[in-house]
Structure formats: structure tokens, C-alpha cells
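Chains: A, B and C, in written order; residue numbering restarts at 1 for each.
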Amino acid sequence: MTRQIVIGLEVHLQLLTKTKLFCSCSTDYIGHTPNTNVCPVCLAVPGTLPLLNDGAVALASRMGLGLRCTIQNYSTFGRKNYFYADLAKAYQITQYELPVATKGYLDIECDERTKRVRIHHLHLEEDAGKLVHPTADGRLTGAAYSLVDYNRGGVPLTEVVSEPDISTPEEAKEYVVRLRQLARYLDVSDGEMESGSLRVDANISLSNADGSLGTRVEIKNMNSLKALERALEYEISRQNKVLDSGGRIVQETRLWDDAEGVTRSMRNKETASDYRYYPEMDLAPIVIGDEEIEGYKAGMPELPWEKRERFAKSFGLSGEEVSILTEQKELAAYYEAVAAAGAPTARAANWVRMEVLRVLNELGQDISDFLVKPEALAELVTKIENRELSSTIGKEILDLLAREEMTLDQALERTGARAGRMSGDALGELIRRIMSEQPDVVETIKSGQDKKGAKLKFLQGLVMKEARGQADPKETAGLLSKFFAESTK
Amino acid sequence: MELYELSAKEAALGVRTKKFSAVEVTEACLGRADKFEGSVNAVITMTREAALERAREIDRKIARGEDAGLLAGVPYFAKDNFCTRGTRTTCSSKILENWSPTYNASAINYMNNAGAVMMGKTNLDEFAMGSSTENSIIGPTKNPRDLSRVPGGSSGGSAAAVAAGYSPLALGTDTGGSVRQPACFCGVQGMKPSYGQVSRYGILAYASSLDQVSPLARTVEDLAISLEVLARPDPHDTTCDAYDRPSFTAALSLEDLKGKRIGVFEGFESSQMDADLYGALQTAAGYCRDAGASVEPMDLPIAVKYGVATYYVTALADASSKLACYDGIRYGSHLDGPTLNEMYVNTRTACFGEEVRRRIILGTCLLTEGFYQNYYGPALKVRQRMVDEFDELFERFDAYILPTSPSLPYLIGMKETDPNRLYLGDIFTVPISLGGLPGINLSMGFNADGLPLSVQLVGQRYFDAELLGIASVLERVMGKPGVAEPGVKKSTNTHKDEGAK
Amino acid sequence: MKMTVDHDITLKMAKAAQLRVEPENVGQMMNSINDILDFCALVGDLDCEGVPDFTWRMKKRPSRRPDVPENWPDRELFESKAPTFEGEFFKTPRIIAEG
């Protein structure tokens, strides 16, 4: 029996603000000395009061608009009360009743069809501090004591809560990928799961035999896309097994153990109904006027799907090409600059998605670090298009440009490609020279023993190498067979 | 007239015009504290040296011809739940026994910037939870008008200090009556401004939506001057309204109550309250009429019936949340334990007093799933209905009068055990807090036993200046409370002298 | 609707509040909570159909804090306030009990 899989995701994104949600401490905590980005407000010193960061409201609104949500003119904060060492006030200020943005959607592509995942809402809340456990493996279990660093405490988060519209682990992954892409396009969050600036909690249930909704299990602690997929797969099979054997699913929170590849029930921790929520009266409600919302709308950059459509239309590119080029907005911008500098769009697209990404990968760089100016790549690609340079030498030049500060001219000089293409008499001369240097090979071919043409290929390779890639392979092959034909007459 | 008997206005004027020095005023007030503190016990921490140094600084400023501020050289005390940089701030609790904040409450900064001289920190019920100032790490404060009685609370130390002439001014906080009721018990003037009028930054919270910094003094004019200094927008507190305040002192020029519509609250059984206090209310109504006001009876059925319950639910829930930060990790007292939870429990159980612990557990309960839906949730809506009821009322009235407390100050140690009578004690003050309205306790002399009588004057939210105007007209008839001579003689009359000696 | 607590809920509430109630005092605490719950159940009696939750109305909409970082100058002072500051960290006892 196949049970319907129902998945809803809660994605926490750390917002790219300069300061914390309720105080002026810097959000730049990674790698900082513990407890240096702190002040009386985020240490919950008695008497202090939260002061809402305008930048966080702007970024959350922007994300809301990107998800086609309605930005609320009026939203409120509440307190989620629970004791934990990383939570200084012993309550988290969050939005639970009237969030900043509601009812939107995100389209994802899965199995070559578009699926719409509805967004329930998006809200603002503050992050907790970090605990350091002085054990060999850094785990909580077995630690004789723990150390608290409040640098992260109060960093703004936006939580995007989806409707339970997701039906497979792959869709879940794709949803997070698209959400992350959107957040990055909007400069809302850098969305790094590894560093924790993007965190995913999943709610998953399997429908009952009669089609009614099953019991929901929450899964936490998935620190990569792979982990998300694996955890959901594991949980689906676990729940199926439980149900197949006539058991019942317990509503609970389970933690993903990546090393063991299992989810584990999270005991000893308060469950959702034990958190005590109530309105936060130290903060006035967030009032966002219509004119303010219009301002946010006006400031929206081009969204991923808009860019995809435009790229396909203006540059005549295929869906696959467009997807790769627009995956990161920085790469898309780079491609656009190459195209704007006059490069033939199709070949430029090919070069950016194949060669540029290859070099970046080799160098471990981001496109923002890339040394090759779009204008230089445009010129290079144009030369290749015009058959002034071969692709091979083009790649060599790109490698050079990416590794050293130099002009395209200097690179042409360095690779010896300055002279331009080798063809006609010059190429013929070269071929004759190489044939004279390889009498044995020439003899073998002449005697008809080169049945598979390997020897001829070998000669051709030597020619190409000597020509530093400046010879046209077709012309070379043509000339070679012509010379052999002449000599055997 | 002695220097310690001066109003803040008179003291500042005298200091500025060099009639006497800030040091002389400060010493006179310190002398009063020295003389009576042994019996009154109003002060947790005296900052004698800092006060004298500050007074000398004011005098030097004046000698140089500089503007020393509206409250130049005026001594004041602050309740020990105001953060004072470098001066220990205990909230009367073991959990903060040795805690000195690294910053000043905004109200403290405003007072200091106006030239006022802080003398020390006054006693309160632990975390402002109580109405008798008995529940404290330094023991009970005694009522300067009658040392066998409580001064009211929770700002009992501040009220006692003003009544006993330790200072002409003191700061308290009023959550559900914590300034108005001790002002009533000690026979001084006390005003809870509208919610949103004064910054709460640096106040150790009891309940965020109710706490309001509130001055105590012996004249209405001094209350107005205090508001002039305290009521202003504060970038550290967004619940403190950013609007431009009118002049609070300018409103005192009101000559009579002609054209004013004053309500007399009749929503209670006169048998449920002290006869003298009931009589005082009737007298006050007469004064209003005499001053030219139209006086009509009025009632607030929702506020009367639901006010106290709504207040308890709101305040206790909030207290449980605001007091959760005392976890023994970042500041305050700490008792070790083998695990985090045990450390929490050890610290909090040993360092919070019994009443505070009781209220925290109650508040926790009120916010728990199930209880929330039946208590906190409905209370939020009832509170809105109370606000609506007040809005309607103020279409018909400019202000209304009612008792501050149904009872006279009771004997120390006479703990009220009947919960219904206990709730009744707050019945006249908490609705005003829930509605965010300004309320003033106006002293009206003493009964035959020398115990203070008073009336509470309440206005529309943000009409604090207008309310002070009405209060100043009434004070001209009722008289200003004089300084008590604790343990020496019963206070009998209010003194009605105008102006300085 | 009026609610009450029993012995167990009283202890559960104390635990949630990180407070200890000695066994001999649980009954008293329970009664005290029930007294208040009894009295405060009044709030459920008023018809509040369609009434919004209370929030403060303000004369002027509060401005939001600009997103400009500032360093708090007094680090040393509040570090010294912490009962258990060690090195660069606040220190807590073990979070999970042994065994």
C-alpha cells in the first residue's frame, strides 16, 4: 500500500543585516571572540528593552514579496517562553499570531514539471546564542559543563513556513534550493546550511489508509541538503514500517543523526505545547504603511524566474543553459556583461557555463573573485566564434587570464597564439615537416597497415600540437589525406 | 520653615538664586534621614557621599553662572528598581543583592540632567510585588505618619521618604497602584502618568504593559515639574510615545473648574470601605462643585467587575516571563548545582522570596496551554473592553474622582489572608493602570487618628497636563501635605502656606 | 471556563518556572493557585465576541532603529557581573544529567 507523503518545511534564514534584531550589536559573529558582540539588551540585563531593527523588517518584507506573500500593514511580536542556557531572556521574541507576511507561494521544478508550494507565512524572530561543549566530539552528551557564547543571540532570522504541499524528499530538497536561491537573489540571506545561516525543520506525515491525514512528526538537525533528503527518506521508511506492522505514529520531534543515518526521538525537551506564548508588550506592533510596501516593491531586484525567462528570450538559450547561468545571480550578471560586451550569446553562454565554471571550480573561487574581466572573455569568445582562435587555445588563454593579472593581448603573446591561425601553405609546410620527421609512421600508413586510422590520428595530433591549436582540425585532416594520396600515386 | 520642608520648586529656586546652597539643602535632607531612618527604614542604599559631591557640583555650576537645571540641587530618592550606574540595585531581592548596573535608567539620567541630586535607593516589596513594603530584604518600611502602620507599597520607601522629609521628591513605579496607594497611605501626592508618557528603560520590570515611572512629592506643582523632566520620548524605549508633550507646568495656571465635567465614582458599596475615606470622596466632590465644575455620579461596570481579575492575569503572567532572566548565568546571585536545571532551581528557589516565587508559578500556569485560552486570552479582550469603556466615559467627563484605597494604612504584620479582601485593596487603582490613564493621589489631610485621607483623580490617557491643572485647583482647597514627624507626634493638619519661608 | 490545578500540575508548573516547592508546601501552593484561578475565571464571563486583543494605541508611530552597528563600551563591567564567567565564556553546569 502506498501512503501519501505530506511534508511541510520551516526554513530559518539568518538575515543579512548589519545589526541584531533588537540591539545595535554586530551580526558578524562567525570567527569572533565569544561574547564580544553583546550588549545589555542581548544579554537580557534587567531594565533593558528591545529596539526593532528597521533593516530586518525591510529584508523580511523583501523575502515576503519574493514569495508573492501579502505584506501585513500591522504585525505583532510575541514571547516564546522557555529556559535554556543559550536564551538570555528565557524567552525568544518571535511573531506567532500576526506575522509580517502571509499567503504566498514558490514554484519548484521537479521531474520536468512545475509544482507550486504554497507559503503559509513568513515571520521575524531572534536567534539564540551558541553553546560550546568541552568534549572531544563537541557534543552535549557527556560534557561536564557547557560554555555559552551570546554573540549569535539576537541575530535576526526570518522563518518561512510552507504549507504541507511537498510530496517527496527530492521536492523538499528542490524547494530549499529554490528558496535559498531566492534569498540570495534578494540579498536577504547567504543561505549557508553548513554555517547555519539556513536551517530546515521538516514536518512529515503519511496519510492513513482512508486518505485522512496522519500523525505529524517534526524532524530537526539536518545540516545539509543531502541530510534533508536522507532524513526524510529514512523517516518515510520508518513510518511505513511502523504503520505496516500495525503500530501508531507518535506526534513528536525527532533529531536527525547524520553519522548514524537515523532520526531519534528528542526526549527531555519541552514539546511545542509546553512553550508558553503570549504577546510581547515591550515592543510596539510593526506598522508598515502602503507607501512603505510600495517602496520595498520598487526596490525588488529581478527574481530568478524573471531572469530565466529573460535570458531564454533575449539570448536565445535553452532551458538547461539558462538554469545553470541563472543559478547564482552573480554568474548571471557576469554572463550578461560578457554578452553586453559584444560576445556571441550562444557561444558565450557555453563558455561561461562550461569553461568559467570549470576554472572557478579548479581555483576554488567565486565568480566575484574571478580575474577574467567580462570584456576580455567577450573578446576571446568572439575570436573563437570568428575562427581566429581554436577552442583549445582559447581554454589555455582563459586559464592564464584566470590565474594571473594580464591583458588578453599578453595572454595571446604568452601562448604564442598572437600569430593567428595556421592554414593553407603554412599548415601544409608544417605537415610536410612532421611527415618527414616520422618516416616509420608514414611508411606504415602508406603500406595500408593503419586499418583503424590510429597512426593518421597520431600524426594529426602532432600537427595540432605543433600548431599550438591554431590549425583547423578539418583542414589538417584534409591536407594530410591529400599528401598521402599524392605520395602513393 | 526648615530647608527639608521646602518643595522641589522652592528648593531649586532658592539654590539657583543662591538663597541657600545645594549642599545645605542636601545636608538638611540627609539630616532628616539620619534622624528617622532608624525607625522608618525607608532606604536600602544611601548614597550620601555621591549626593554631597553632586550638590557641590551644582553649587559650582551656579557660581559659574551656568544653568543648573529645573531641579537644581533638589534631593530625590529612587525606588530600588531603577538602574543606577555603579550603585547597587537590588529590587529588594536576594537575587540582586550585590548587583550594580552598568547603566542608568533613562528616568535617572533625566533627573540628573535637570540638576536633581540622588540621595539613595528606597525600599520596596521584592520586585514590586506587594502593597505594604513589608516583603523586603531589609525588612518592612514604617509609615512616617504612624510607625505602627505600613507605608503602602510597593513604592513604600519612596512615599515614606517624601512624607518624612528625606527629600521633596522621589521616584517610584506604579504597576497597579504601587505609587498612588503608598502616596495615599503616607499622605503625600503621587502621580501615575499615562502609559507611554515616561520611558521604562532601566526599570526592573514587573509587568511590561503596566509599569510606569511615577513621581511622589508633597505638592502637585512638584509632580508637574517632575513630569516636565521625565516625560519625553526615549530612543531606548519604543513603548514610550514619541509625540511632543505639552508643558505640564503651564497647565497649573488653571484658576477654577468652570466648564469642567467631573465624575464621582459610585461603582462600589460604601460599606466595603473605610468611612473616613468615603467621607473624603464626598468632600472632594463638594470641592469640585465649589470650584465651578459640573459634578455627576458615574460608574464603570466592566472595570469594577473585571478589573482586578484582568490585572492579576496580566501582571502575573508578565512577571513570570520577565523574571525568568534571573537564571544565575549572566548576573545576580548564583547557587551551584550539578546540572543546568538544578542550578536554575537552586538559584531561583533560594534567591526569590516566597511571594515572588508564588507569583511566578501562578504566572507560568496562566500562560500554559489550556490555561492561556481560559485566562490570558480572555483577559486581553476584557482589557480592550475596559479601554473602550474608558473612552466612552471620557466623552462625558474631563476627569473623575474615586478613592485611591478602600482602607486606611493597616498595622504592620497584619497580613491579609482573605483573598477577596486582598483583591479589593487594588480595586480602585488597577483599572486605571489597565487603561493606561493618568491618576493622581491627592492628600486631603488626616482623620481623627492622624491617618492620611486622600482622593484619586483620574483623567483621560495623555491628558496628564490637564489632570495636573485640575489637581492644582483642588490642592488649593485641600491643602498640601506637610512633613511628618515620625514617632514624635501625630500628623494633624496639612499646612496651607504658599511659597517659601 | 474555570480551571484548577492538582498536586501534579502544581509541581509541573513549578518545574516549568525552574522553582522548587518542598513536598510539605505543595498543598499550600496548589490552594493558592486555585484561589487565584477561581477568582480570575471571571475574565471568561464577559462577552468579548469580536473584540480585538488589547494593544497600546500610541499617538506617534514609533520609529524603527536604523541598521547601524555600535559596540557596547562596557564589556569588562558586565563580564565581572557574571557569577560564572570563564575565559571568554559564561559557564553553566552540565546540561544533561549523567546516565
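A few points about this structure:
Note that a residue touches a chain if its C-beta (ideal position, glycine included) is under 8 Å from a C-beta of that chain, and two chains touch if they have at least 3 such contacts.
It should be emphasised that the depicted structure is a prediction, and the values quoted were computed from it without experimental measurement.
The most central chain, judged by the distance from its Cα centroid to the centroid of all protein Cα atoms shown, is C.
By number of C-beta pairs in contact, B-C leads over the other of A-C and B-C. With centres taken as mean Cα positions, subunit B sits 58 Å from subunit A. Distance from the subunit A centre to the subunit C centre is 40 Å, each centre being the mean of its Cα atoms. Our note on geometry: subunit B versus subunit C, Cα centroid distance of 24 Å, whole angstroms. Listed for subunit B are residues 99, 102-103, 209, 235, 238-239, 320, 324, 327, 329-331, 340-341, 344, 364, 368, 380, each touching two or more other chains. Taken residue by residue, subunit C touches two or more other chains at 16, 18, 53, 56, 58, 61-63, 65, 78, 90, 92-96, whereas all remaining positions touch fewer. Multi-chain contact residues, meaning those touching two or more other chains, occur in subunit A at positions 40, 43, 45, 51-52, 83, 85, 146, 148, 274, 276, 279, 281, 284.
For subunit C in complex with subunit A, the residues that touch the partner chain are 16, 18, 53, 55-56, 58, 61-72, 75, 78-79, 86-96. Interface residues of subunit A facing subunit B in the complex, by the touch rule stated above, are 40, 43-49, 51-52, 79, 81, 83, 85, 88-91, 146, 148, 273-274, 276-284. Subunit C meets subunit B in the complex at residues 1-3, 5, 9-10, 13-14, 16-21, 29, 32-33, 35-37, 39-46, 48, 51-54, 56, 58-63, 65, 74, 77-78, 81-84, 90, 92-97.
Within the complex formed with subunit A, the subunit B residues making contact are 83, 89, 91, 96, 99, 101-103, 105, 200-205, 207-209, 235-239, 317-318, 320-321, 324-327, 329-331, 340-341, 344, 364, 367-369, 372, 376, 380.
In the complex of the two chains, the subunit A residues touching subunit C come out as 17-19, 24-26, 33-36, 38-40, 43, 45, 51-57, 76, 83, 85, 131-133, 140-141, 143-150, 268, 270, 274, 276, 279, 281, 284-285, 287.
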